[in-house]
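Structure below; questions to follow.
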């Protein structure tokens, strides 16, 4: 079994804001991340798949196909978007990096080729903060 | 003469949108960057100063003092903000990285110690795009 | 279960020197790392915690709180220090990156919130050498 | 148990080309990677070993010794080489990053000290694509 | 005046080999870089343009347009190619990074918008070696 | 004219301490950097040379020769050393990054080939602080 990882990039705006709480409570818990006018990030997304290598190609999976899949199922729905307002798969959830990583997993898992398993979604929110989700 | 550079970081939301144009014209020129719901970035800011070294300290300038100055005059006004809505020194200007770099220069230049000159503001909008301004 | 990682930084001096050995034996085993006058590094410290996400915040744990904990329990005891002379939790141990990573684990583990587990301490000694400890 | 990782670098040419297929089939499957005149990469190789720490040295294993081993058993056979033509341990295999990572594992595993286990070979083909092999 | 930089990436094979010299002389001068079977690199290309900012857009130049220009005039002629065999603008020249940077400059300079000047082509051959050309 | 840059690495200990001042004055000016027991850094050194390209080689200068020169004249005198105690060319000077960069310049400039000029010494003290010296 080998593991293959592809890095993709997207930019987005968001805020950390629980609509069931007062403005004061949001600011107490989330600090500057609760700014009502939004802030944003360059997200770096590492997607890792695992499985057996095909003898004819030497590939676990064509990495161009993996990149295209991530672009179509994830990046085009997140890039240059507002994560709180524009993303159906995050509707009703807090816009944390944790929930975003789990949401990305759900978008990818039904579309991978049958011989390949999704292993990890790793998402950098800043160069010093990242989340990993293994399903 | 030596050059000293300090890297600081901030996150912000913005959109590229000219209020004198129609929505269609904005989308034609700025594409996804014109998303009315905003997007955002992790900005990496390199500030370079130049001058002579002090014999007693070996410093052009104490880099902690430079960092504090950038924090107070720039970062606290930009970090976790909406560049179009929350930043007085960008009011009435297009929120491009070019204008942001030039605006940051203006915030810093009056506050540097007398023996030091501001040399360059270098601003990464994404890991693959940056702007430099030398005054 | 999700995994959250925070990167922190510290600078320190150390040497690799076993006080039970002769100078010659130390130099034979540790080479330039045994320089009696010390050398030093910029250490990059990645701390990973794991657990369940809170529905109200979307957080495994507030990353600012994690950063503060690492600062208070680890960084302020190591940053700009001599690892052989200034750090009680390394007293009597060889100052290797392996022992440093294990020592950092011990400093953090009693102070994490009850719903969160420490998963990994990853410590870069140089950009090309790192150690991981999983407890 | 601790994990120690060393990063080494090599440059090489290769092509993805199955000699049992027609040129057309190769181009259909491998695209530009099938260019008969070759292309190439800067490969970044992370080798991770694991085991117990020695009390006298504080080391899992001397990282200089690990580096030397990787240089002698791997890098000198791959650096500035053509992976399809010049590398005996890849003969008869497709020159994918997956097969290269697995081949590197085979070169290293017989030569590690008895108290240390090989844990992972991680190989970057580009800054955005990497493969991991755990044996 | 502001400076705008865009980073693009390509992979290619090459060798350093002067056809007017014997094999021995080539190996004496170029060492492993003269391997007749080629080697290769991941090249990182930074293109910097300079000029005045447009008041309506806040742009020196649309960075997407700059990226497209680099892709069309440079990357598609170099990516996954053999620099010695496949690249008309390098024909008859030594395939050094210096000559490659100067050749890239020549490809770009006629195609920039009239209000913008090419300032610098910076080309990384490896993460530790780069060349800059300012015309 | 082209510019060629080579990156080299060294680790060292130092402190910022003016022997003409009291301990209190040193701590007031240099803070934690004045720790009498030393601290240290991973220094990243970029050396840039400039000149004309040789038609037979395509080189400004053989980068392996540049690397060897930096190793012999600079790195072997600084790597795994105490900058205050072990480095003759820093004797009697404050051990700042500014003075270190200027000292490195002096070590290199007499040894470059006649057709090549030293352009810049750029020295990272941490990933967020660097100094440049152009002579």
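For reference, chains read A, B, C, D, E and F in written order, and residue numbers begin at 1 within each chain.
Note that a contact is a pair of C-beta atoms (placed from the backbone, for glycine too) under 8 Å apart; a residue touches a chain by one contact, two chains touch by 3 or more.
Note that the coordinates shown come from a computational prediction; the quantities given were computed from them, not determined experimentally.
Q: Touching both subunit C and subunit E, which chains are there?
A: Chains in contact with subunit C as well as subunit E: D, F.
Q: What rotation angle superposes the Cα atoms of subunit C onto subunit F, in degrees to the nearest 5?
A: To bring subunit C onto subunit F, one rotates by 180 degrees.
Q: Pick same or different for copies subunit D and subunit E, depending on whether their interface residues overlap by over half.
A: same
Q: Centre to centre, by mean C-alpha position, how many angstrom separate subunit A and subunit F?
A: Once rounded, the distance between the two centres reads 41 Å.
Q: Averaging only over C-alpha atoms, locate the centres of subunit D and subunit F and give their separation in whole Å.
A: 33
Q: Can you check how far apart subunit A and subunit C are, centre to centre, with Cα atoms defining each centre and the answer in Å?
A: From the centre of subunit A to the centre of subunit C is 29 Å.
Q: Send over the residues of subunit E in touch with two or more other chains.
A: Only 127 qualify.
Q: Which pairs of chains touch each other in this structure?
A: The set of touching chain pairs is A-B, A-C, A-D, B-E, B-F, C-D, C-F, D-E, E-F.
Q: Which of the residues in subunit F end up touching subunit B in this complex?
A: By the definition above, subunit F touches subunit B via 16, 18, 20-21, 29-31, 93-99, 101-102, 127-134.
Q: In their complex, what parts of subunit A are in touch with subunit D?
A: Per the touch definition, subunit A meets subunit D at residues 1-8, 48, 53, 55-60, 62-64.
Q: Spell out the residues on subunit D that touch subunit E in their complex, using ranges where they run on.
A: Touching subunit E from subunit D are residues 9, 11-14, 32-33, 35, 37-42, 79-82, 85-86, 126-127.
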